[in-house]
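Two complexes are shown next, each including chain A; its partner changes from chain B in the first to chain C in the second.
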Partner chain A sequence: MKLERWNPSLKAGTILISVILLSFQYLVSLNLLVFGISLLLLLFCSDARPRQIGAILIPAAVAAFGLFVMGLYYSRGSSITDSQLSSISAVPYAVRAAMSQNLYSALQLATRLLAYAGLGILFALSTDGEYFISSLMHQCRLSPKFAYGILAAFHLMPGMIREFRSVRTAFAVRGVHAGALSLKPIFTMLVNSVRWSESVAMAMESKGFCGEAPRSYYAVPKVRWADWAGSFGCIGAIIAGMLFLRY
Partner chain B sequence: MQREKALQLEDLVFRFQEKGKRNILDHVSLEIEAGGITVLMGSSGCGKSTLAAVAAGLYPENGGFLESGDIRLFGRPLKELNQQQRAAYLTLMFQNPDLQFCMNTLRKEMQFCMENICVPPEQMDEKIACAAERLGVSELLDRRLHSLSGGEKQKAALACLYVMESRCVLLDECFANIDRSAAREILELLLRMKQEGRTVIAIDHQADLWLDAADEIILLGEGGRVAARGICRENLAAYRPVFQEQGLFYPQAPERLYPPRPAGDPVLSFRDVSIRRGQTVKKKWSRKPEPDEPFLLRQASADFPRGCMTAVLGPSGSGKTTTFLAALKQYPYTGTILLNGRDLSRLRPRELYQQMGIVFQNPSNQFITQNVEEEICASLRVWDRQMPEEACRQRADQLLESYQLGRYRKYSPYMLSQGQQRRLAVLSVLAGGQKLLLLDEPTYGQDDRSSRAVMQQLRQKIEDEGLTVIFITHDRALAAVWADRIYELCGQKLVERAPEELCL
Partner chain C sequence: MGNSWKLKDVLLIAISAVLFGVIYLGCTYIGGIFYGLLTPVGMASLGYEPFYGIYFMAAAFGIYVMRKPGTGLIAELLAAVLECLYGNYFGPIIILSGLVQGLGFELIIALKGYKKYDRATMIEAAVVCSVVTMIYNLFISGYNQIAVPVLAIMMVVRIISAIIFCGIVTPILADGLAKAGVLKGYAVAGDVSEDLED
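And now, the complex of A and B:
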């Protein structure tokens, strides 16, 4: 089964529960397994492009490495005291630190971050935004007013980006230097956006959209037994890992 | 037998602030018969768009205060209907084609519209196919809406209203952002809808496109009250004074107000300039756009003479604005562009912008402060950093006064009307003493009186200060009336045209 076909609400729920479960354990092997399986699933059971996966993983890997180094050098409560460490002066500090239990706790932290990252991209790269929102509407009773509001705002994005570019051009031509982080073009763009959202809301209303009245649906995302099986399988596997894995 | 009334408004009084003094709609009474095409005309700010929103029940629900009045759609009081039921009688199409959709393709948008009025899902596919066929938008169904041209977007918007089968469609300046050929195509679709027995009410400030199609033209005056009605092609001439009184375009062949000025030496010259279509404005690290994108300009040459007004014509989406951006070094090009005989590529941006300014189609994008006076001061300071505070303020007030903007000194620029915003933008752009001004659609969304004011002021500046103006427009009449030299962007070239060639 493709990951894309997994009901997005169930998928989101499963991943949320998995993340919470993972935060209660300290198993390096489980973390690595979760991360690895997420990647394999993405590569072989979804339409996500390997490039995209790589692009998101680079910052995650950097953060994990940072956490690892931090955990290695600066964690408290290591089994060897500082005085003992400094007494074996023949061994470099890094090695001494690594010999201590710090290595294990550093690995715990770093791999946990990787596991989170794996689960995160598993959801993000295999889920269509519109399908997710429509599923939230039907499976989680999100009100249509909200759901279509989010969709409309989402579809305004390309326009807003275009607008932002033209504001920056206009500023440059007026001799006003607006840096990458300058708030001025953002302010101008926001003034426009407020107006836009009003117009879009009125256009939607004039087409008969009102939040409360009953409406028909062209397509209703369904929850099949395979969706439930996938969810229970994932959560079950993590619980099993927590119970049976040692390190 | 008396025909059914599609829309009945009785003694409407509407304003935006409950305690405010100015009524946008002031005792408006109006009845429109079902089954025809009716055009409501009025000058900018006379309240015609507000009238449309009130008639559809969008105001006061989204803001404003309705003091009195009774609205009926096909005989049924609006108050008794909810949004869903109203849509069966009346739906609206808006001026800005970008801001009418909530989904990302036309097919999904049409599904959304039908879901709103509870059409059973099994009928939707058939209805969509049928409507798309009828309006000739089948090939647009699955394209991304934001990648469509303005005219295509308006067609898509109309297709949505069509598929909802509402008995009356109300179009709010739906031709304002699109060129004439696209407007004609939409007009054709509206005639088809009329044949099917639907009512069309259009709001516009130009009558010429509607003359053949409209059953009746109604002129709205101050406060949205009816100034004259029952106008059609046959009796149009009798109403000419009313058109003029209301500051509206009277449909006629364009008449020149100024003799053309003799062409001086070129300020800006294009030599074999090629520009490709691309998604992004110039990026610093890659000056070349995608090589396989189609050409907008291909080895085009043109001269823009000093002290003259030059128009650049072309349908929307043909690359007029991009051409301007290239001249401002904000878009990559190949070939040579000369400014006062110097190659553009050798000029530093600051030097360049000290000689040349631009006012965009949407002037509210270029305001950098939240106060009209401050806006001019900021501009003066950009170009003369040593200018003392007091002198700067005085000069700004002087400039504002000369453009009749003095009394708006303390306003926010965003609160001004379209025409005033454009005048303010011109002022702030020219504050550094620039001698070359580029304007993108200077009369966009404005009535006759206001566009005349903008153009006249520019003309005056040309006479007095030797300013050079180049403007982009899709309005051929505007170019024929005001420009000394006219280029048309067609077939990837800039072709020079004589004003007489453009007369309609």
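And now, the complex of A and C:
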């Protein structure tokens, strides 16, 4: 079964339950297995291209590395004590000793982030946004008003980035210096956002969109037994890993 | 709860969530530089904390403008689903964070019966939200493995960030919009016109 065909709501639910389960354990091996299997599934059971996977993995790897170094230096309970730091000759040994003790905690922190990222990427690269929203509507009873509202805002984003740039340019042309966090362009953008929300709502309603009335759908995502099997399989595998893995 | 929402309310919340997302994205570049500088001293995760408050801005703006129960939570959930659609590497896990952030921000406002929206309340909400999200990080991100003083520094930076972005900047922006007459029909507009009559 292709990952793309896994019902998005069930896929998201499975990943959320997996993450909550993983947050109760500190097994480096299980974290790495979850990360590795997620990537293998993406490579062999989905249409995601290896290059896409690599690009999305970079920020995750950077975040994991930062957390690793943080864990190495500042893990709870096994940090270098003040007295060891004060006696100069003891420092190299103390640092080494503390680091070896901290290494495992650091690995726990970093691999946990990788496991989450693996699961997140599995979803992100194998799920079509519109199919996900449509599934939220049919499987999770999200009201059409919210569903189509989200999609409208989603598709506005490229226009908003363009508008943001021209607002900043407009300020620059008038000689108003607007720094990265200046409120002036943000205020203008908020005014635009309110206007957009009004006109997009008007446009949708004038095309006959009404949040409440029953409507027909071009495609209705369904939940098949294979979707449930996939979900139970994943959660079962993680529970098994929690029970049987040691490190 | 959902029925009292008009389409334009949903769109305003969703579009503002996208806007705050764009602002956050801009700030991640600065955050990335901090992150790189702080990695060698083991404080990498501190790099993004100064901008953490932007995460709560969708909730803060939504509830401050609409003043309806559930707005903060719904705003954060919409923001989370949107982030999920844009392909964040945490995928649906963001929805869980959004739930925690929305509930965290609304907690204080709910305790005050959805009646008070002054600066002090917004600042309290920002502080509580920071604490709630840090507790969430303790369990989900495994921060309970990290030494308490380091966590305390992160907590302080996060609280300051939330106070600036959600307790101060968001009400200033929303009041400005209301005074400019852009937010007619929203609860915040009524409040500002009362102020003018005083």
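Throughout what follows, the second predicted complex is superposed on the first by the 223 of 247 C-alpha atoms of A that agree within 3 Å, B and C clash if a C-alpha of one lies under 4 Å from a C-alpha of the other, contacts with A are read in each partner's own complex, and residues count from 1 in each chain.
Keep in mind that, in the parts below, contacts are C-beta pairs under 8 Å (C-beta built on N, C-alpha and C of every residue); 3 or more make two chains touch, one makes a residue touch a chain.
These figures come from a predicted structure and were not determined experimentally.
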Next on the checklist: By the touch definition at the top of the document, which applies to A:66: first (chain B), second (chain C), both, or neither?
Outcome noted: second
Item to check | More chain A residues in contact [chain B versus chain C] | outcome: C
Next on the checklist: With both complexes superposed on chain A, which partner does A:116 reach: first (chain B), second (chain C), both or neither?
Outcome noted: second
Checklist entry - Between chain B (first) and chain C (second), which does A:166 come into contact with in this model arrangement: first, second, both, or neither? => result first
Next on the checklist: Contact-wise, after the overlay, does A:3 reach chain B, chain C, both or neither (first, second, both, neither)?
Outcome noted: neither
Checklist entry - What is the contact status of A:200 with respect to chain B (first) and chain C (second): first, second, both, or neither? => result both
Checklist entry - Touching A:188 in the superposition: chain B (first), chain C (second), both, neither? => result first
Checklist entry - So, does A:208 touch the first partner chain B, the second partner chain C, both, or neither? => result first
Checklist entry - Is A:39 contacted by the first partner chain B, the second partner chain C, both or neither? => result neither
Next on the checklist: Contact-wise, after the overlay, does A:217 reach chain B, chain C, both or neither (first, second, both, neither)?
Outcome noted: first
Next on the checklist: Identify the residues of chain A that lie in both the chain B contact region and the chain C contact region.
Outcome noted: 152, 191, 196, 198, 200-202, 204-205, 209
Checklist outcome for this item: In their shared complex, chain A is touched by residues of chain B numbered 53, 56, 58, 61-62, 82-84, 86-88, 91-92, 94, 96, 98-104, 108, 111-121, 124, 145-146, 160-161, 164, 280-281, 325, 328, 330, 349-350, 353-354, 357-358, 360, 362, 364-368, 378-379, 382-383, 414, 428-429, 432
Item to check | chain A residues within the chain B interface of the complex | outcome: 130, 148, 151-152, 155, 158-159, 163, 165-167, 169-176, 184, 188, 191-192, 196, 198-210, 213-219
Checklist entry - Which bits of chain C are touching chain A when the two form their complex? => result 2-3, 5-19, 21-23, 26-27, 30, 35, 38-45, 47, 74, 78, 81-82, 84-96, 139-142, 144-150, 169, 172-173, 176-177, 180, 182-183
Item to check | Touching residues on chain A, where the partner in the complex is chain C | outcome: 11-12, 15-16, 19-20, 23, 26, 56-57, 59-60, 62, 65-67, 69-77, 79, 105, 108-109, 112-113, 116-117, 119-125, 129, 132-133, 136, 143, 145-146, 149-150, 152-154, 156-157, 160-161, 164, 180-181, 183, 186-187, 189-191, 193-198, 200-202, 204-205, 209, 211-212
